[in-house]
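A short worksheet on the structure shown next.
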Amino acid sequence: MSDQSRHAGFTDLGFAKVDHDRARRTGIAEVVFGEGKTAEHIGQICQTMQDAGQECVLITRLDADKAAQLDGLGIQYFEQARVGIVGRIPQPTGKGTVVVACAGTSDLPVAEEAAITAEALGNQVSRLFDVGVAGIHRLLAHEDVLQQARVIIAVAGMEGALPSVIAGLVSCPVIAVPTSVGYGASFGGVTALLAMLNSCASGISVVNIDNGFGAAYQASQINHL
Amino acid sequence: MSDQSRHAGFTDLGFAKVDHDRARRTGIAEVVFGEGKTAEHIGQICQTMQDAGQECVLITRLDADKAAQLDGLGIQYFEQARVGIVGRIPQPTGKGTVVVACAGTSDLPVAEEAAITAEALGNQVSRLFDVGVAGIHRLLAHEDVLQQARVIIAVAGMEGALPSVIAGLVSCPVIAVPTSVGYGASFGGVTALLAMLNSCASGISVVNIDNGFGAAYQASQINHL
Amino acid sequence: MSDQSRHAGFTDLGFAKVDHDRARRTGIAEVVFGEGKTAEHIGQICQTMQDAGQECVLITRLDADKAAQLDGLGIQYFEQARVGIVGRIPQPTGKGTVVVACAGTSDLPVAEEAAITAEALGNQVSRLFDVGVAGIHRLLAHEDVLQQARVIIAVAGMEGALPSVIAGLVSCPVIAVPTSVGYGASFGGVTALLAMLNSCASGISVVNIDNGFGAAYQASQINHL
Amino acid sequence: MSDQSRHAGFTDLGFAKVDHDRARRTGIAEVVFGEGKTAEHIGQICQTMQDAGQECVLITRLDADKAAQLDGLGIQYFEQARVGIVGRIPQPTGKGTVVVACAGTSDLPVAEEAAITAEALGNQVSRLFDVGVAGIHRLLAHEDVLQQARVIIAVAGMEGALPSVIAGLVSCPVIAVPTSVGYGASFGGVTALLAMLNSCASGISVVNIDNGFGAAYQASQINHL
Amino acid sequence: MSDQSRHAGFTDLGFAKVDHDRARRTGIAEVVFGEGKTAEHIGQICQTMQDAGQECVLITRLDADKAAQLDGLGIQYFEQARVGIVGRIPQPTGKGTVVVACAGTSDLPVAEEAAITAEALGNQVSRLFDVGVAGIHRLLAHEDVLQQARVIIAVAGMEGALPSVIAGLVSCPVIAVPTSVGYGASFGGVTALLAMLNSCASGISVVNIDNGFGAAYQASQINHL
Amino acid sequence: MSDQSRHAGFTDLGFAKVDHDRARRTGIAEVVFGEGKTAEHIGQICQTMQDAGQECVLITRLDADKAAQLDGLGIQYFEQARVGIVGRIPQPTGKGTVVVACAGTSDLPVAEEAAITAEALGNQVSRLFDVGVAGIHRLLAHEDVLQQARVIIAVAGMEGALPSVIAGLVSCPVIAVPTSVGYGASFGGVTALLAMLNSCASGISVVNIDNGFGAAYQASQINHL
Amino acid sequence: MSDQSRHAGFTDLGFAKVDHDRARRTGIAEVVFGEGKTAEHIGQICQTMQDAGQECVLITRLDADKAAQLDGLGIQYFEQARVGIVGRIPQPTGKGTVVVACAGTSDLPVAEEAAITAEALGNQVSRLFDVGVAGIHRLLAHEDVLQQARVIIAVAGMEGALPSVIAGLVSCPVIAVPTSVGYGASFGGVTALLAMLNSCASGISVVNIDNGFGAAYQASQINHL
Amino acid sequence: MSDQSRHAGFTDLGFAKVDHDRARRTGIAEVVFGEGKTAEHIGQICQTMQDAGQECVLITRLDADKAAQLDGLGIQYFEQARVGIVGRIPQPTGKGTVVVACAGTSDLPVAEEAAITAEALGNQVSRLFDVGVAGIHRLLAHEDVLQQARVIIAVAGMEGALPSVIAGLVSCPVIAVPTSVGYGASFGGVTALLAMLNSCASGISVVNIDNGFGAAYQASQINHL
């Protein structure tokens, strides 16, 4: 691509137009979606962002191999969450706590993606894992943690019932994240997604399957209002 | 159809082969599925069954119009459940109680179909309605009823989470009935059906959408073991 | 149902367990989902709520016929939104403005359901209608309205692209509402729903098809933090 | 996760909250779902269960590699069924016999998962394999086995017709298990699942695709009533 | 449309191009699909066919109202099958018998469409109705009828298992017709269609949902070889 | 909506923002989608367009009742196509001929919507109806018409094969329009849509089900290049 | 499995019940579906069949590795078709010719499975490959081959239009085989399957995706009538 | 296949019938779809085409391995686009410029397939990459490039909104290409496909998922009119 990078607001790398203007427009700097990009491209994008003054660059869906190739950038890599961070995680600037709850141990990678993203965006995070509805007393035993949240991210696969029960207990917004955990008629998370969209409880909105990042991004927006 | 009704075990009415042998084979006499049959045909089938000695004939999915046309048979009609009964409901012969629980008031028609079917098949029934998971304390307040059941029918539409929570609380089998209650991405009950099939709780099996009859039939089998 | 209404926190009407405890638990009193309930049942539930001290009862998915039957309750009926209000809409208590934007004139019923719900829950609402992406200048001409929002509800059918463009322009959370507007491969709103879940813009979460109420409920939670 | 394991009823391992209370609540101790867990985590969970007094720990969806790593626990591994057992299979305590029937030889892994689970939960099991409906005489030749069952698990892929034929022959409950056996329009077991949900025979309930464990769990509940 | 009907092989009526050449090419004269055509158009097409020498014109998917408007053509109307015949049903010219079997009484309209179509195309037809697999003895009692068929049309809704059982009993080809009979997860016949496509029995091919005509057409082709 | 219509490029009617700028931007003036709008709203929008100097206003998906209510505007109504035109159809200004071909007589409404839209947008149109692939000689007999087209709109329901055959015969672009004609597994046009998207012939693009308007719009763009 | 093989009509190998009675019942001996069976099991089943007097054993869906392991049986392996034959292909005994036509070169594996199966079942086969509808003259150039067929197997992926065109040209039955050839919205053959089920031509029935064997089996039945 | 290549218009290679007549019929010579063909077969087809006088042979969906095996043909290989060209890319002969726009960097392979195909078919191409709607200013900054196009190919995955925004800005036809970029509820490109089919903007037609070739083929037809 022969186009020059001459337009205000973004740097044109040819293969990508890095959007510096985003922080001004949306309050949060651009994040790198690592999947489908080469380590080299990711590296150049991070460099461009840092050159433009961004202190903490978040890279999601980054596998361990590419993370290893990015070592030169001083990357901090979270394997379970498949998240990389270049620069340093900032001090929490949000108003309250973001609670990340998940139903089962298999949901941990998505829950951790959400938790680390929220931390990287400047939020205090409280984790509440393996509190699925089949053993409801495990959830009720932590009702105090839920009550103190400013926003809750509820992560679940299979029948995706966790957000419904949580939203019935609290007054803060709940962002539901369906995961691809399950088999057979779970259809890679579609069942959990549909269940969450059809919750009988009010106060729930939903993001894409396995999109821990997206939930944390909006949770951070809410927590910084 | 020129075939003669000459085979042992069923009466051939031309438009139907009424199965007298079923009670011997399966322990429960044939039930009439009213949908898609004319009142006249239903009448003839009931007559044939009564002639063959069946004391209580159950007709499901019977609308009010057809029920009115069957008045001559001394039919007892349950409008909400869309169930008709010719003959008399027997005394309970089951070993314990069948609990029919439902999540919301919109699930009542299906829950009642299940409850009346179970009664017509000789079971003691306990109803627990409007105990959806968005207000979990309403369900927990009746935990004693659940604990005393021999088998539980859990009816829910929308995200279909009720059976998961119930099955986590009890030791008896739970038969889940998804209902077509909901809109948008509930897809006429498909979401509830999928959620129930993917329950993280053990001890749940599922029947077709809105199939209160089918759940009660199996519950009765279990309760008569 | 022979059960007595003896448990703290809800009134048992037999066909429904009205949840008085919800306001304490979730900060917002129970709302009546009108679809599939008779006018008589709706009336009884409203009465029970008012008796328990709730000043503004919101009834969603209420058709004009039932609304007429509820005249005795002093209901205020919004036909396009199919919303009824018993009691009075409160003064705004939220921190900022909830913007309700919609893509086309056919999306108005859902957008209005969202707007009136938000008002009934104590929010200042700003409407921005018919700003679909096929004429992007109509949206950009109102960028100032978007920038001043505390939370935005973006309503769209067909390809559901509006939330993506809006979320790229603002720093506040965007709640996307897919509508069933469209034909053929819009599949009653499924296409818009899927598009919104897959938005390339961050800061979007999604509710069920045509669920203007649900979006407004969460928007109000956010606006009252 | 910094939370302490201080609540009665479960041990908090951080990555999991092991539910000791389940046996009291549901009559059956917790089972380990092996898929998506590391051998190390499985080992810790088993240890925690044994420490809490559970004599027979069942691990499902356990592949051969992980089973090998768990050798130190004295695990007994069933390769076809992908089931591991730590401790000893108990003597049958159920009231009657659980029959596990399957349609074809490709359904064996699921049928064996069901059979071994049922045995591990204290049931007498009778296997009836390769009795698909395309050669109906093979099934009818074993009608006596079916008649003596207290509960039947019917396993089938492809068109999933086996449960319908069986349920028409017996008076006990039939739990249908669709398998992912087939190709093309079998859609990984969805066709068999749908067929089973739509059975024209009464007395059938259904579990998730390939969920031999779930069927056996409920069969055991029924057999222990 | 101003085009003249000048091409050999078809008459151009403007709204339709009636294909006289079909009998020469395919051995069977054109059939009129009545749905979506006005009575007037149907009348003109029939007239054109008769003028071209066709002795028996078959009209499928013809509702009673349109049939009444076509009285002037001397139409013979079969209400259950929704089939009209102008002219006379020919003497059987096929080599053997076409057996039309159906699973339940609700499948009768489709089964009758198949039976009457087959008769109109010159075949001896034998009907075997209400022989669904839940009462397998009803089917086995008529095994002789099946054995004497030259081709069998097997009609079923719900789980669509009938063709599998029949094909396992006979040596002639079986054409399976799924019907839209059922509810919930029958999805208007899709479940039966999928089940039939996945039959574990060999010798089955399938036509569209409710397409009794199409099955009979091919059965007639086979019976006239 | 209290907003004033103050922005250049569109008139704000409150319920709609009429886009005058479109003709400048896209070369074709705005068209009114009649479905879901009241006759009154349609009338106001037409008036606004005419006031802004548009000579021919096209209204699609307009039912006969609303058309009757718009009589005062001097509307010309095409019933089969469900299209209304206010003003006069212009002389053809396109470079060549747009051929509209359809497979069966049931596809006529969609084909006519395409043909009249193309005429209203200034194109010479040639109609070629009932040329489905089951009688391929009917299509081949008109190969000359196809060869002389500048762009072809190919309309078909059911298996949607017509565009593939046409595109193999010509050098001009083919725009395929799937229709909702069919039953059972045609899924309201989805099958035809999918078939067209998967055509083995090159030179085909596809629009939404029943979207004759959309195909004609693009055909007109191409014909005016 | 401790059951003895004592029932007339089949040999019980434990993992399989080999059906000797099938030839008597259905006129064609049992065929081995190789997928999901070990080479050892396949070997034992073949041996059992040969011992029971079957001269030609057909094994479908057999990969090259297993075929190599079965060398000792004197297997003849057709790699493209993934078919193995133990024993010798018989002389043709059918009444006429089975034509196997396919649309593209990627459909060859399925077409060859059909062709070799038909030959193994005693039919004269004529192959007509790469005659897809995008170059209709290639098909028309071979119209004589089509006209002389007794039954035609039409194999196609992508839009699956070939059977429609063929069935419009001939008087014999056409069995359509959708293949999984294609990408994107071909959904692994589902599009071709749906298109074939919705053919506007009469005289077509359909088998499962990639089921060349099933089509050939029924073609052979028809050809031997 | 023993057939001789004796028919005018194509060369019969046995495994393929190479269509020389296509250039005469459709104006563009045959293109080789590389997927599912062996390098040897591709080589023979290219040779046959070159022998027949075709100067530039385009091979799509060609992986690097096969390309390496075709080195002897003097192939030029474009790795990202997975396209090979034998012979030389011609001078542009189209009337104007084809703009290829894509939403994100992950869409590059499909966009490049489109761009190189268009170049190989004789078109001037302008690339506009990474202009997705979440940063609308990046697109608007290049509005001049869009305005000068004769036809635009708009490539996008995820929510597929790019074509809607572009079509609202220009007067030339837009061909939309959905890509399989995304995860979860993007369903391998289905969401983008559906969104594009439901665009609220006029002037858009759509091709199959990832079908950059097909879009470029039609764009070239339009550009050469």
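Note that the chains are named A, B, C, D, E, F, G and H in the order they appear, and that numbering of residues resets to 1 at the start of each chain.
Convention: a residue touches a chain if its C-beta (ideal position, glycine included) is under 8 Å from a C-beta of that chain, and two chains touch if they have at least 3 such contacts.
Everything numeric here is computed off the predicted structure, so don't read it as measured data.
K.L.:
Please state whether F-G or A-D has more C-beta contact pairs across its interface.
P.N.:
Pair with the higher count of C-beta contacts: F-G.
K.L.:
Could you put a whole-Å number on the gap between the CA centroids of subunit C and subunit G?
P.N.:
About 56 Å, centre to centre.
K.L.:
Please work out the Cα centroid separation of subunit A and subunit C, and write it as a whole number of Å.
P.N.:
26
K.L.:
How many Å are there between the centre of subunit D and the centre of subunit H, using C-alpha atoms for each centre?
P.N.:
Taking the mean C-alpha position of each chain, the two centres sit 50 Å apart.
K.L.:
Quick check: what residues of subunit F touch more than one other chain, meaning two or more?
P.N.:
As it turns out, subunit F has residues touching two or more other chains at 135, 167-169, 184-186, 190, 193, 197-198, 202, 208.
K.L.:
State which pairs of chains touch, listing all of them.
P.N.:
Here the touching pairs of chains are A-B, A-C, A-D, A-H, B-C, B-D, B-E, C-F, C-H, D-E, D-G, E-F, E-G, F-G, F-H, G-H.
K.L.:
Which part of subunit A faces subunit B closely enough to touch in the complex?
P.N.:
Where subunit A meets subunit B, its residues are 103-104, 132-136, 140, 158-161, 164-165, 167-169, 182, 184-187, 190-192, 194-202.
K.L.:
Per the contact definition, I'd like the list of subunit F residues that touch subunit H in the complex.
P.N.:
25-28, 31, 95, 150, 167-173, 175, 193, 197-198, 202-208, 213-215, 217-218, 221-222, 225
K.L.:
Give the list of subunit B residues in touch with subunit C in this complex.
P.N.:
105-106, 108, 127-131, 135, 137-138, 141, 181, 183-186
K.L.:
Within their complex, state which residues of subunit E touch subunit F.
P.N.:
1, 3, 7, 9-10, 14-17, 19, 21-22, 33, 35-37, 41, 178, 180, 188-190, 193, 208-211
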